[in-house]
Amino acid sequence: MLVNRRTVRIEWGDCDPAGIVFYPRYFAMFDASTSCLFEAAGWKKPDLLREFEIVGYPMVDTRAKFILPSGFGDDIVIETRIAAFRNSSFDVEHRAFKPAAGGEELAIEASETRVWAGRHPEYPQRLKSRGIPEIVRRRLSGGEGAAHGV
Amino acid sequence: MLVNRRTVRIEWGDCDPAGIVFYPRYFAMFDASTSCLFEAAGWKKPDLLREFEIVGYPMVDTRAKFILPSGFGDDIVIETRIAAFRNSSFDVEHRAFKPAAGGEELAIEASETRVWAGRHPEYPQRLKSRGIPEIVRRRLSGGEGAAHGV
Amino acid sequence: MLVNRRTVRIEWGDCDPAGIVFYPRYFAMFDASTSCLFEAAGWKKPDLLREFEIVGYPMVDTRAKFILPSGFGDDIVIETRIAAFRNSSFDVEHRAFKPAAGGEELAIEASETRVWAGRHPEYPQRLKSRGIPEIVRRRLSGGEGAAHGV
Amino acid sequence: MLVNRRTVRIEWGDCDPAGIVFYPRYFAMFDASTSCLFEAAGWKKPDLLREFEIVGYPMVDTRAKFILPSGFGDDIVIETRIAAFRNSSFDVEHRAFKPAAGGEELAIEASETRVWAGRHPEYPQRLKSRGIPEIVRRRLSGGEGAAHGV
């Protein structure tokens, strides 16, 4: 399975008056981490949308457990992978880690279900789910090309 | 049980290039809705923090199911209530509705678990959970005073 | 001149670790205030875009002077008006006020220049400025219809 | 003069329904860029606050001119430097560049005035400006230590 790890700096503006991350900001970081996973598989988001004629992969269900807080100046590592593919939807898992003595500690566990969505053919204001292309499944599963950043 | 309903206008800046709300923004709306519930019970957030000597009620676990998308210019109604109190943590439920023919449709269901937290007595940089005061439980449960916006 | 006044509640999530509004959030409030001014003139933003076939009125220049800080739980009043119209661009002024003994105090002064923009006819990925319709000028200047929320 | 350059990836969630950056997000990027400049001078923001017993350097005046738009997937380079120091306030300049044939093009010019602020000695809820320490001026001016990331 393709796994993407990236380091995210917690900024002053990500934090609330208690001095810790305002949790909606974590979801923005996770959304960007999902984009990074696709990029590791070979498609920057604008390319993904153009190549497969979709408008995005909107969220239908997400959950996050916040285990350790972080504050401005901290660097966290977000590790992202696909947990499951279905016909037109897929599950993503994120785990965020903080540096700790002798390694790193799990700070957040999050999961999300997204749908592969194009414009509705009859009502262009609406979105409509589409089948996820085989090449997308294969690369995000760590098969052909993905590991090499094709 | 005390229930707070409020209308939230979806702004241009809440929306992504697909024209629908960027979902982390919903969590910011829900966070404000929890504040509104406390305010309906008698405490604006700064007053709550001052009166009970806490630094906040940080999130430990949250989940949201997005059923219907919304776009800029839409008004959604967010309905918020406490689902459970434990010694030092509590669960909140939010339901967001969109206007529909003959009433309203459920657009989002969200739940959250938060902890009642003060400064750690020995390590002021850290937070420490505290018992939730009886008056807070009572008012948020819709008992004494709350319904009247005391 | 048409003037729109609206009250904005400062939320916990708008504030930084110093306990005051993280200033980029003010710009999001001002952006929404500009939408409100158009709505007071008769067009919710999605209607404005549809009726005049534009994609928005992107910002080209903005400035803000922050005179008094605000914190979570504060209510500020934002007053918005058009300062000038040119052929395809216009200037907006915002003034934010905080309640004070005997009235209100000026907390922020902001100005912005925006362009009336459609899709470029040849390169749909690009924006292209357009002439601002006469009806828009008239209503935002406080002429026909505007004061009555047509 | 110490100059910090950093690359910022424009994310899907930074963009609005027109597909370009929602401009308040640029101010969040600039705020982080100012932190990066201090870090290049030797102080991560939490260290800066601790060492000099300040609560931050809140914004008093900022302006940005948006010359070229950017969209999700774009990488911009933000170049940040101090433009002036006064007793208890300082000016910062940011310039954002986009890659272009044969080099890069100026996309945004921004300036900001910030105040060096501690807690008010008598009213801890308020902020009070303080004199900027000589070591801060020296390092941010590119003198002692700064260029080496001390």
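As written, the chain order gives the labels A, B, C and D, with residue 1 at the start of each chain.
Convention: contacts are C-beta pairs under 8 Å (C-beta built on N, C-alpha and C of every residue); 3 or more make two chains touch, one makes a residue touch a chain.
What you see is a predicted model, and the numbers here were worked out from it, not measured in a lab.
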| item | value |
| --- | --- |
| Higher-contact pair (C-beta pairs counted), B-C versus A-B | A-B |
| Most distant chain from chain B by Cα centroid | D |
| Inter-centroid spacing, chain B versus chain A (mean Cα positions, whole Å) | 25 |
| Chain B and chain D: spacing of chain centres that average the CA atoms, whole Å | 33 |
| Distance from chain C to chain B - Cα centre to Cα centre, in angstrom | 28 |
| Touching two or more other chains - residue numbers and ranges from chain D | 12-13, 16-19, 22, 24, 28, 31, 56, 71-72 |
| Chain A partner contacts - residues on chain B that touch it in the complex | 16-20, 22-25, 27-28, 31, 55-56, 58-66, 69, 117, 125, 127 |
| Touch list for chain A against partner chain C, complex | 12-13, 15-19, 22, 24, 71-72 |
| Residues of chain C touching chain B in the complex | 9, 11-13, 28, 31-32, 35, 44-47, 56, 71-73 |
